[in-house]
Structure formats: C-alpha cells, structure tokens
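Can you read through this structure? Questions will come right after.
Going in written order, the chains are labelled A, B and C, and every chain counts its residues from 1.
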Amino acid sequence: MAVKNLLEAVRETLHDALARDERVFIMGEDVGARGNVFLITKDFLEEFGSDRILDTPLAEASIVGVAIGAAMAGLRPIAEIQFADFIYPAFNQIVGEAAKIRYRSAGGNTCPLVIRTPYGGGVGGALSHSVSIEALFYHVPGLKVLAPSTPADAKGLLNAAIEDDDPVLFLEHKKTYRLIKGEVPSGNHTVPIGKADIARAGRDLSVITYGLMRHFAVQAAEELIKDGIDVEVLDLRSIRPMDRDAILTTATKTRKVLIVHEDNKFGGVGAEISAIIAEEALFELDAPVRRLCGPDVPAMGYSKVYEDAFMPSPERIAAAMRDLAAF
Amino acid sequence: MKSEPSVRETLPEGLTPERLRDMYYFMILTRVCDDRGFALNRQGKIPFAATCQGHEAIQVAAAFALRRGTDWIVPYYRDTCMALSFGVTPREQLMCLFARKGDIFSSGRQFPNHYSVPDRHIASISSIIAAHVTHAVGMALAHKMRKEESVVLTSFGEGSTSEGEWHEALNFAGIHKLPIVFLCENNEYAISVPQSMQMAVKNVADRAVAYGLPGVICDGTDPIASYVTVREAVERARAGGGATLVEAKCYRAMSHTTDDNQLTYRTPDEIEAAKKRDPVPRFEAWLADRGYLDERSAAELKARALAEVNEATDWAELQPLPTPEDLYTHVYAEGPLS
Amino acid sequence: MAKVTMPQLGETVTEGTVGRWLKKKGEAIAKYEPLLEVETDKVASEIPSPFGGIVGEILVQEGDTVPVGAVVCEIIETGAGSAGGNAGAQTAAPSSHSTAGASSASAAAAAPSRISSAPPAQANGVRYSPAVRKLAREHQLDLGGLTGTGRAGRITARDVVKAVESGASVRLSPSASSAITSPSARPHGSAPSPSAAVIAHAGEDDTIIRLSPMRKTIAERMVQAATTIPHAWCMMEADVTELSRWRDREKAAFKAREGVNLTYLPIVVQAVCRALKENPLVNSAWGGDHVIQRKHVNVGIAIDVEEGLVVPVVRDADRLSLAGLAQSISELVDKARRRRLTMPDLSDGTITVDNTGALGNIASVPIINPPQAAIITMEAVVKRPWVVNDAIAIRSIMNLCLCLDHRVLDGAVASRFLSSVKKTLEAYP
C-alpha cells in the first residue's frame, strides 16, 4: 500500500471515480484550471474535460441545486463547496431539498449526490475559513454526514459516498490534508458508512471523537499510557448515521467517556453521543460523560491567540483524559 | 362535431383540430378538478387545496408544446392543468387531494399538486419557492452531458423571480446554454403581494437579458399564443440554442389556496373584471368560431369531465389511508437510520 | 545567532523542501533579501531573510524536506539588536503555528478548567456510580470493605473489578444487598444495619430464606439492642413448690370463674409489678444523657408466633388483679396467634417478661427490648433436690434471669428487684 496524505487520498479517489463511472462529474468553484484551492482536482480538467470538471459561478445554492437536478436525472454529481464556511447559502438546497427528495416522493425520485467541503481550523483560517458545520447538518434525516480522519478512510468513505443512493455531506478537515499521512489501499477501496473505528484500544476510559481530533486524541493517549492510563479512542468517521453499537460498546467497556470535538459544544455532535449513552448505558457508567469541545463563540479568530484558545489540542485532551481517569 | 366556421386561418405547426379539442378537454377537466378540491375542502373532507384557475391556457399549451416521453417538466404547485395534460390522471389527482397511501406523488406526504411521476417525466418539487428551478437546470445539464434530445420545462410564478436561487438558476443555464425553458406564469400576485411590490421591472421577461437569455412574453390566457411561444422556446433549446425565459401573463381567478381570502387584498370589481379573462370560455368560443367545436360536443366534453372527476372522487375517497408505520419509509434507501 | 525556520507556505502545508540556497555560508545578507527557495506541494517561493547579518550554518541541504518550523539555517546577526529581536519574534510565530502537537503551554494550562474537576458529591462511598452499583450487585459485593482510588476516595468501577478479581472481598447475602441498591435510604450515622455485620454467603446446597418484614425488624432491633446497650446478667432461683401446689388447687376453680387458665405467667407478671413498686428505677429507660423513670408499668410479654417473636404489652399491669392479668395476657396471646396485634398493643412497654421456661430452658440471657432497661425471664419449673432447713428435700424450682441496661441500673438495684420477685413467688399461698 502506498503512503499518502489525506489530500492525495481524496484526489486519487475522485480521479478513479471519474475514470470508472461516466455518471460521475465534479462541479464547484475553482475546480477547473486552478485544480481546486487545495489542488485536489489538479490536472483533472485536462484529463476529463470541461463537461465533467465544471467551474461554477460563485453561487453555492445553485452549485448544490444544479447538482441535485443532475442527480435526480441519473448522474452522480460531486459538488464542492470551497470552504465549509460558504455552505450556508446552500442550506435550503441541502436540508430542504436534497435530504427530502426520496421521502417527499415516496421513493419516486432519489438524490445520489456527494457534497464535499473542507472544514475545521488550526490553519489560520480566521472566522470564515475555519468553521465546523457538522452539527448543523447531522440533525437532518435523509442526509448522511461523514468526517473521515485518515487517508484510508477518506478514500473508503468517499467511494462509499459516491456509490450511495442518498445525499452525502463529505467533510474533509483542512488540517488533515497534508498533516495526516497513512497507507491507502489501492483499487476501489470502500469503508461502510455508519461504522466507527477504534483508533486505539484501551481500558481505562474512552474518547469518542472524529476528524482531526482523532489524531490529537491518539497523540494524547500515547502520552497517558506512560503513566499507566490506558485510553480507548473511538473515531466515529460517520456522524450520521452514527454507530450506536460502537459508542455503547466502548462506554460499557471503559465506563468513562470523554467526547472531543472541535465544533462548538452546545448542541454539538457530543450532545447526541451523550444522550445515546445516557439513554442506553447509564448503568454502565462510572463517571459523568464529559465533553471537550470548541467554545460557544461564533468562530475562531484570525489571531493565533484566538485559534489556540478555541481548538482542543493534544495537551488539553490529555488534561481532560487525566481528569476523567482520576474521577 | 363540426359547425360552419366564422373564422378561417392556418393552425400553428404541431396543432390539429383533434389536439385543440384535447387541449380544451384538459382545460375543462382541470376546472372540474380544481372546483372539486375547493368543494372537498369546504365539506371538511380534505384540509387544503390550491387553484390554477386563470392559468389553464398557458399550462395546457406548455404541456402540448413539449415532446411526451422525451422532455421533462419540473412544474410548481399551481400546475394542475399542466400535470393533467402531461399524463396525470384525475384519479391520481384526487388521491393526492385525499392524501391516500396510494397517492403516487408522495403517498400522502406533500400538499396537493406536488407532482412526482418519473415514468411520465414529471420531477418532484417541494413547497419552497424557486428551489426547484436549479434542479431543472441540473436535469438539463445532465441531458446535455449525455447528449440527449430532452428539453426541461420548469414553471413558477412571478414571485419566484425574487428568490436568489431563481437568478442563480438562470445564470447557470445561460452560461452553459442548457436545453431548458423557464416558464413564468405571471398571475400578478404572490399570495397577496402584487407584482409592483415584487419587482421594479415591468416584465419578468426583462430579467432575461441579465443572463444572456431571450425573454419573451405571451398572453397566458390564450392557449394558441402560449403554445406558439413555448414551442419556439422548446425547439430552440432542443436545437442547442440554449434557454429561454417565457413570461405568460395570466391572472389568478381565485384566492391563493383554500386558506386564503383574496378579498383582503383585491377589490370585488377587480375580481369581477378578471373573470372576463377566464381562458376556458374564451377558448371554447375560439374553437366554435373556427368550427372545431359545437355546442353539443362542448356539452358532451363537459359531461365527460364531470363524470370522470366524480368517479375519481368516489374511488379515491375509498382508498386506504397511510398507516403510522408509513411515516418511516423512504427516509434513506436502506430505510430509516439514526 | 538567529535561527531561520521553515515557514508555513499555505494554510494546510506542513512541510517544505529546500529548493535552492541563494546565499552561502559566510555571505552577508540584508533583512528581507532572498535567502532560499522553498517548494511545497502547493507553491514554490523565495524566502526573504528574517534577519540581517552573516549566513552561518546551512542545516538543510537542497532537495531535503523538513517539517514547518524546523531550523534551516543560522544567521549571525549584525546591526541593531531591536531589529533582530523583532525578527526573532516573527520567526517564532510560524514555528508554533505549524505542527499539531506544539500548542502553547498557556493554552494547555488553561484547558483543564474547561472541564469541571469538582470532586463528586459522593465522597467517602456514600454514593456510588451506576456502574459501581451494578457491579456490586452482580458480584454480591460489600462496598464498605473497599478502598476507593478515585477522586476524594471514591470507589471506582475498576476498584470493584479488582476486588472481585482478587477474591478478597466481603460478600453480601443476596437479600441484604438491597442496602447497596439504595445506599441513601438510611441516613448516614444512624444505627448499623445488619449488612454491616460479618455476613455469610450461601454455598451451592444451601437454601436462601428471604427475610420477612418481621424478621428484618427483629434483626435490626436485636443488633441495635445488643450493640448499643451494655447488658449485665444475673439469675436467682425461686422455690415455687408452694406456688405450684396452690396453683394446682386453684386452677380448676379459676378457669371456671375467670374463663382463662391459671398459668405461671400472670403470677410472675404480678410479682414483677410488685417488685417494681419497691424498685421503681428498674421501670426506666435510657435517655441519652439522662434516665427516664416511667410512671406507668406496661409489661411486655414475649410471645412466640410462627414468623418470630412478638412482644405485646399489658398496659398498667400493676393495676390489674391476677385474674385481670391472666385475661389480658390470654387476649394478647390470642391476638398474636391470630396476627391481630395492633401498633398500640406493641407500643410503650417499660419492662419485658419472657417465659423461656415454656420451651424447657432453665437459664437464658435475653436481649433487652429497647428502650426498656430490663428484661426478666421465667425458666422452666423443675423438681430438684433442694436444701430446706439443712435437709435435702425435693422442691419445685424456677430460675429467674434478669438482663439490665447497665447504663441505667447497677447490680445492687437489679438484685434487689430480682430478689423481690423471688420473695413474692415463694410467699404463696
């Protein structure tokens, strides 16, 4: 297996999907000659032509809306929102339309659409190039929300998303693009949607997380093992559908749960995880469920000070782990 | 069936006396369905109905200007006549009014007139104004990418043209010269708000220039003029000439829906005057003047439409309701997931 | 010596490759003058020097890739120190800006405060987590014997698991484990519950008998009495030969007259009542920091019933005749056997008489029925060789045993009381 960073894994997966399936096409801002602002679609225009690598007007509602129409007409569009922060104009199309098309037509129409977007902070992205958006969308039945954290999962889940018959919001953490490297299986590797991954097995407490925070949590866990604290890290990978079984299994196993995400705390993904545990595993718990999340401010600022204060870091995660372990 | 014509003229391409009588039939069939919806609501049998009275001419004309089985329509919730003219049956129409489980559009989930009939090339819409216009563009994009002959016609009211997504859709279609017809059924009101409060331009068609599209206007209460205009746009799209914005000027002859009272924003005089623009008697006279329809056959067609709608009403009312379990179907391909 | 680090050329870039050095070691360089070319997977660009001075060691060779923030070369600064200081600050920023693990110390220090670290309210094992309760129940474990390793000594689930694995735990009987499932039911500091005692656990062929409410009450009260009252015991022998003869003579007529049997019990109760008149302190109760001497004489009668022992009370027994006592006792026994005793029947006893002799005993050490101060038993009437006027005779002897609350009474008063009872019995007819 080749070692690739996450960006290369996404690029390879998109490339192979375009080559494999003529229904697949990419549309978004700067995906053509520029090859996407992170160079994910670099050279695609030359290889696949302007019909399938479509530079769109700067209008997110229609990027998604047009992709929905193409999906309803039998294509497999991959729409790109350049930064997750720009997705709000398309909210109606994603939530009000794409997620409801199968339901509202009693299965008569379907919307096999992938919306890819880079999200998250830690890269100096300021207020409008750093947000996490998963909590706004994982609430919505009819929509799937994925947030892979490793290159292999990025490939496997992106392939699964492209093959899926329902709309999928595919979140790529910007900081993982080049930071995270790993072996990527060749060929049409897929990872099932809705299955979490045990990033690190442990027995003293569980961290449930996803995205960049998976790596920070594993890093923190490797620190704590030096002190004999053995932490299990569960990477959700799929935020909706959410792997309830994996959540309950790890909560029951270690009896202490720390939820870590970069997105704002209030009403975030951690709230749902906590509720699942409270509803179904209360009597297995040895400590209250804890959450270490981004603070409830609109976004992280441009200043490095703001960013550092906002983002959960390996050190903070380690401190939270120690605190829970000592409970 | 024929009487001595008082007017002699050549019919537009694609229309025959037989097709004209079919158009007339769909107009009166729609009128009966429309009245039936309001009647059922007033009887307390259904919670809600919308009307298309005043729009029948442009709707039937648009449906007839398209190629059935090839072209697609992405209509809006006021397009009863377009849908009936494009293959929807009175039984199907009544099933959606009654929200029965067997309602093929949505199994009783959506408001009436939110059609979804893929096998007859009618795409699903929501009630969100203008949200479907970008979908129509995406469908046209797919047709173009696959080099198919299909043209997409999407319709909406003039109020829709205030929505940002509407502008995005026309802009996109203009850039890519997509095979699509944007049909604005301008009935002068968006619920209660008149056109003058909706836009500063006189005609919706004037907006087309901003997107590099032809913007054309027709009398939406005249089926023949409407047919000619829409057909030209459809065939231009099919020939690779790109999109057209057609503005059909018509009038909404009733309240917005069963939940609205037009007297709160329109005067009785205005409503009375609008009745003179009713496309149904006007078309009937037009056909009679040209010898395509006599009084007896007009009466026969009306009786047939009424019988058909009566039968559909009685039948649909007896069909089973959805069950609470049906709430959980069609959330995802795999079923409901959490 | 100032250090030049690999800059971050783009939001997501984590490493850079040195393309070409534009200055060699020893060359002079002005601040902002191009120093090297760096290539990343996003861009290639000339990097202006952050310092002015002489190029020192080149630490990364052309073509080599290093993480953002790595030192690539050194510059021996010349000129104004303040400029160098500023430049240093500028280079410091990107280095901490880059890698995942290098968040600032201040941020890390502030972090724990975001999570509540308040000690749990259940310090000292009074409250347990759901997992701890569940494990204790599953393993029949007495948590009182465990040492908690959690915050403020909290017993953690792991502590319970370890105890189970080590096998060193104290186990609960199944029924008593209810004390675990509702640990807050009893206010902390109240009298110990039965579960605090050493507890047996059932073997494979043992039968587990569930506690009836009466059994539970008896158990709790006996533990309370036995562990809180300092018991002292004494016994006297009463020669009831004449009493026995009298009773034999009178019992038929008594039965006919009063409708109840003439047994020894009312006779002893009457003797107790008389003895209390002489020794009223025995009719008392412990009041914590005082003694309460009761005015009423309410004699509890211990009665065996199927489920256990009940002690109904003959109220104002000192005011009743022998026949009245016999009737009252007969009624109470009847009510007890038919389970018709009411709370008033069982309340307000001031002393208890226990007819242990009915079961054949000749000596007993009864437990005081709190809050009374004494309990007296009447043992079996046994014919024994007895010295009478320096000759051995066969006499009917009844032993009288007394347990007293030593907080309230001492041996002297107790003995006087017991002696008084004995005298009364021996004085018949």
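Just so we're on the same page, a residue touches a chain if its C-beta (ideal position, glycine included) is under 8 Å from a C-beta of that chain, and two chains touch if they have at least 3 such contacts.
What you are looking at is a predicted structure, and each value in this text was computed from that prediction instead of being measured.
Q: So, comparing C-alpha centroids, which chain is the farthest one from chain A?
A: Checked the centroid distances; the maximum from chain A is C.
Q: By C-alpha centroid distance to the whole-protein centroid, which chain wins?
A: The most central chain here turns out to be A.
Q: Distance between chain A and chain C based on Cα centroids, please, to the nearest Å.
A: Those two chain centres are 49 Å apart.
Q: Using mean CA coordinates as chain centres, what's the gap between chain A and chain B in Å?
A: Result: the chain centres lie 41 Å from each other.
Q: Between chain B and chain C, what is the separation of their C-alpha centroids in Å?
A: That gives a centre separation of 78 Å.
Q: Which residues of chain A touch chain B in the complex?
A: Chain A residues touching chain B: 25, 51-52, 56-57, 59, 61-62, 64-75, 77, 89, 92-93, 96-97, 100-110, 141-142, 144, 164-166, 194, 240-242, 244.
Q: What part of chain C is in contact with chain A in the complex they form?
A: Touch list, chain C to chain A: 11-15, 41-42, 93, 96-97, 99-101, 103-105, 107-108, 110-112, 114-115, 117, 120, 129-134, 150-151, 154, 156-158.
Q: Using the touch rule from the top, collect the residues of chain B that touch chain A in their complex.
A: 72, 74, 103-107, 109-110, 114, 116-118, 123-124, 126, 128, 131-143, 145, 164-165, 168-169, 171-172, 175, 329-333, 336-338
Q: What residues on chain A touch chain C, complex-wise?
A: It is residues 7, 38-39, 122-125, 129, 174-175, 177-179, 204, 212, 215-216, 219, 255, 282-287, 290, 292, 295, 304, 308-309, 311-316, 319-320, 323-324, 326-327 of chain A that touch chain C.
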